[in-house]
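Each of the two complexes below includes chain A, the first together with chain B, the second together with chain C.
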Partner chain A sequence: MFNVVAPENLQIAIDILSGENTKVIAGGTDLMVRVRQGMFKPDVLVDITRIRSLRGIKKTDDHIEIGATTTHSDILKNPDTPPLLKEAVSKIGSPQIRNLGTIGGNIVNASPAGDTLVPLYLYEATVEITGKGTKELPIEEFIKGPGKTVLKQGEILSNIRIPILKGYKHIFHKVGERDAMAISVASMGILYKTDGDILQDIRVAFGSVYPTVIRIKEVEELLRNQRISKDILIEASKIIEKNVKPISDVRATAMYRKKVAGRLIFRLLEISR
Partner chain B sequence: MVIKLKVISFTINGEKRQVTMRGDERLIDLIRDELKLTGTKEGCGQGECGACTVLVDGKAVPSCLMLAVKVDGKEILTIEGLKRNGILHPLQKAFIEAGAVQCGFCTPGMIMSLMELLSNQDEVTPEEIRAHLSGNICRCTGYSKIIDAAMLAHKMLKEMRNHV
Partner chain C sequence: MKAIIGKPLNRVDGEIKVTGRHLYPSDMWEDGTLLLGLKRSVHPHAIIKRVDTQEASKVDGVVRIFTYKDISGTNRYGVVHKDQQVLAEEKVRYIGDAICLVAATNREALKEAIDKIKVEYEVLPAVFDPVEAMKENAPKIHKSGNILQHTTVSYGDVEKGFKESDIIIEGSYSVPFIDHTPMETEAGFAKMQDGKITVWAGTQTPFRDRKEISKALGIPEEKIRVIAPFFGGGFGRKDGITVQIYLALAAYILKRPVKIYYSREESIQTSYHRHAAVMYYKTGAKRDGMLTAVQARLIFDTGAYASFGGEVMSLGVEHFAGPYRVPNSRVDGYAVYTNNIIGGAMRGFGVPQVTFAFESQMDKIAKALNMDRWEIRYKNALEHGDKTAIGHTLIYSTGVKRTLKKVRESNLWKGKDKLIAESTPFKRRGWGIACSYQGGGLGVGIPDFAEAKVELLPSGRYRVYGGISDMGQGNTTGYVQIASAALNAPVEMIEYTTPDTDRTLDSGPSAASRTTYIYGKALLGAIELLKDEILQVAAEKLSCPKNSCKLIDDRVESDKGTIHLSEIYKLLPEKKRVSTFYVDMPISKDRRDIGSGLPHIVYAYATHLAVVEVDILTGKVRVIGYCSVSDVGKVINPPVFEGQVEGAVAQGIGAALTEGIKLKDGLALNNNFTTYIVPTAVDVPQIEVIAVESAEPTGPFGLKGTGEINVDAPPAAVVSAIENAVGVRVSSLPVSPEEIIKSIEVEDAIP
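Our next item is the complex of A and B:
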């Protein structure tokens, strides 16, 4: 059993969260399942969804800022949402889960399969932490491992800042057991920019095949300023298989995940057609 | 630890209510056990099946994953709230007419999900309906009759709109 408080003021929320055995609840789509399975027994849950300043999407000259408690549905509806993030969010759970679940909850979960993380790593987003003061960190430094972040007791993730990239196109592919509701077995996101048939710039990241989402810079370097061909993708595929460190679980074996990750890069052939 | 009960006020199916709930109780507990509105069903209890779908401020949510105290000040619509003056809602009529109900366990959730979609869109395709129902599982019908029912309801709602 636990109590729930729902302050409208951020500072009050932070003060309560400094207490022992307290925890943030946003949409609750992850936390509720874990609390009900008895994996976690909080005394107090602090519902942060009534804090206005934590919700909504703003556009500045060079960034999109998303408040931590903005729901996946609101992100999908907003015309300013970066396209790769929009596509990844559209693959989360179901409409009902997207109506409740928030981007902040997805990030703090720090699941290697977290669908917002592949785009956020690729856009090189930063996250704002609010506690006694505020600080900003690159997403890659915020996430420490499966289920682990740098957040300390009394701190919350307040805001996400995504640099606006002009002239980039994207690919996103999520491999799961079925289309809806599936936690990914492997996923891949790519941001790229072309000049004729040359890849001027490319960023590649994978989900579910490593303890965190992972960018593979070696592949990016290999493909940058190159023309896409089957041969170069075979080489890229080998580098990917060498870099990923998947686990076996109920959804797939490590070997299957490694092979799938390696094959996904061939999606790039589409852009040369 | 002292367990505090919380008084919450909300509107459900057009009626203002005030109840006292524990922090750890869920919206589905409020709806089924406290208010005795048993049309809403609990299947998986984990957000996977959609049987418990209700609308909160017009949005379809799994009531098994939402804390009851979160609806303080909000508006809830359940399957019981669709009937007007004893007349079934077009979605309910369409489900009967299209033969989209077998055991009926998934039906309230299906209809509430479709309420969200059809209230927000003037035009809708079978593909959009399928996508919107991706969080609702049915063990009986094989879904095709449910899609038929949704398209029929859409047609009925459109005709009603054109008459006013």
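Our next item is the complex of A and C:
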């Protein structure tokens, strides 16, 4: 048994969270599953979804700012949401889960399979941490490993800032065991910009094939300023297989994840056709 | 009024369900109700050395902890073999065997107490592979040995058949344990009422349950009442004892209302499942595609207990070669004990397993002979009067050829080439076909009857006593429709009940595609008797010949006048206001000597067509088009029929692509809906549902039964389509994306 408090004031939430065995709940679509499984037994859950300042999407000249407790459904509805993020969020769970689940929750959960993380790594988003003060960190530095972040007791993730990239297109491919209500077995996101049939710029990241979401810069460098061809993608595919370190679990084997990650890059052939 | 047969009628249970007013077994509750839970074995095979409940019984809120010592009956149950213990005495045989039953006032106390019960075990060697378990030196799970049943059937001369063949195809196939995934897990409520133990449970077998409770607990049957309200799905999982005896035991001893419901994890680990199986086939054919011989060896893993293991395997034996003419055959079926989870009844009952195997064999023969997959099936398809592969004669409606013809008229058949032409380099499409048949009823030698009851009420309305459980399939609506037609009365005049051992009559299980067929048949008999009494009394009252009286809506009319049914009610002696009628299931005229419940005689038939898209980058398969044509006899209610087909096909697509319990040393690793992957609405395409209504002479209004037939063919049809799309033949379910991509080198596949 545990208590739930739902303050409307950020400072009060942070004060409560400084106490022992407290935990933030920001939608609960992952957290409650683990509480039910007995994976942790909090005394107090602090529901931060009533704190207005943590919710909503704002556009500035060069950034989109998303409050941590903005739900996936709200992100989908907003015209300012970056397109790759929108596509990735549309693959999360079901409408019911997207109505409850929040982007901040998805980030802090720090799952290698977190659907919002592939786009956030690719956009090079930063996150704002609020505790005794505020600080801002790149998403890659915020997440330390599976389920691990730099957040300390008494700190919350408050805001996400995504740089606006102009002229980029994207590919997102989530491989799950089915087409809805599925945790990704492997996923790939690509942001790219073309000049004629030349890839002027490209960023490539994978989910569920490494302890965190992983960007593979070696592949980006290989493909940048190149014409897409089967041969170069075969080379890229080999680099990907070399860089990923997937695990075997009840959903899929490590071998499958590695092979699929290597193969997904061939989707780039679609843009040249 | 017969016009209501074959017309849509809203489900009679629809309104109470969608408005939330219906109390499912897991909803029932009264003040003072105790919650029940079970301490279960954590080892797949072990001797129980000691059970210590001392610490646990001190937990605040715990009312009682029962062990087998509290049970004064046999402490045994099981449909055919009484090999399961209500609470384990000396030995556990799978992870989940119940050892103690705990009653507590709240969930937290219940959980804490279960955790605090200490069980000391002496762990025994275990066996998880049925082929290993058949060996001489395998650990013995039961004293009788690990082979629960061996059923063998021969027909013709199989060696001669192979000699006469131009081609022989061999293949081995495997399928995993499948979960039924009913929305409501095993659940129920019980209390003492009017001096009787009264149990409300999600059960397909209230009458059998009463016997099982009586024997296991040593309490006379007349002291026990079992009620089966509408419950949230069964599919065979609730064909027998799950929670009923625990409820009865606790209510009887504690004299308080008690309730139990399993978590999904507990349910998946401890319930009955569709049997895992390995199957070896050898099929011979002439150059023109005509089958000459089929031989098979089927090994069904029944897990730790018999349940329906022998019977399910035997149904696999009966249907092993498909709805085809096979002049020479031999089949050996084994149901084998292991320390795995329990295999039992599930929709299809042995037939889904063999359908996957025999239809894969048909495809392989077609391929080897360079024949069309439809044509080879049509050439060999059974017709009325033919003998089946086990040698009995089909004397009733036999519609497999009609389903094959009809599938060519479907929109999907006509549109499949266009769909397939839309393949892309990464997404390859193909089509597949499969046929199946499914015997209805329990088979030769097993009591298979129904006794219907119908009553004229004081208001002049009628009450149909539903004797067979409605787990959601809509049979109660079928009874109302049948009664409405036979009584020439609007459905508003027909009340219904669900089964209750004190009010309805034993009519056997809600199972084996028999429910509407046999109860409908008995109901028509009961209605004829009641009508006769009504018309007799009306004729006397109106002083006219009986045959000039007509039953119309709520009255009897004749030239001499009209009399309302409420008047008739007063004129009828009490006994005559109620009529009952008993019927037996028809059985085969020949080959009754086989035993093991073989053979059946009323069969449903189906042809399925699937179009799939295979992603060659990921190995993922999507079913993008599906058509089911089935011969189930007359369709009483088209939307209910369509629901049965769509549900069965979805379940079959699940079995093809994503479902299957992943076991590690007897433990289900995917024991909830995050990891046990059933298809969602986006994973199943719009299904084209076509009925071939070949009138069944023995059925009510020509009906046969539709509960199971459409669950058999989907895996074979999907696998056939995958081969058509990418040239990979899958022989083990569910289809593994990993296996598919291993077989397709992407560098070669991409232009």
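We adopt the following convention: the second predicted complex is superposed on the first by the 273 of 273 C-alpha atoms of A that agree within 3 Å, B and C clash if a C-alpha of one lies under 4 Å from a C-alpha of the other, contacts with A are read in each partner's own complex, and residues count from 1 in each chain.
Just so it is clear, contacts are C-beta pairs under 8 Å (C-beta built on N, C-alpha and C of every residue); 3 or more make two chains touch, one makes a residue touch a chain.
What you see is a predicted model, and the numbers here were worked out from it, not measured in a lab.
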| item | value |
| --- | --- |
| First (chain B), second (chain C), both or neither touched by A:Val260 | second |
| First (chain B), second (chain C), both or neither touched by A:Ala252 | second |
| Touched partner set for A:Asp47, first chain B, second chain C, both or neither | first |
| Which of chain B and chain C A:Met39 touches, first, second, both or neither | neither |
| Partner chain(s) touched by A:Leu269 [first = chain B, second = chain C, both, neither] | second |
| On chain A, positions contacted by chain B and by chain C | 1, 33, 94, 179-181 |
| Of chain A, residues touching chain B in the complex | 1-4, 6, 25, 27-29, 32-33, 35-36, 43, 45, 47, 49, 73, 93-97, 99-100, 179-181 |
| Chain A-touching residues of chain C, taken from the complex the two chains share | 108, 425-426, 617-620, 622, 658, 662, 669-670, 674-675, 677, 679-683, 737-738, 741-742, 746-747, 750 |
| Residues of chain B that touch chain A when the two form their complex | 1-4, 6, 22-24, 26, 45-48, 50, 53, 59-62, 64-67, 69-70, 72, 113, 116, 131-132, 134-136 |
| Complex contacts: residues of chain A adjacent to chain C | 1, 33, 94, 173, 175, 177-183, 186, 230, 234, 237, 250-253, 255-256, 259-260, 263-264, 266-267, 269-270 |
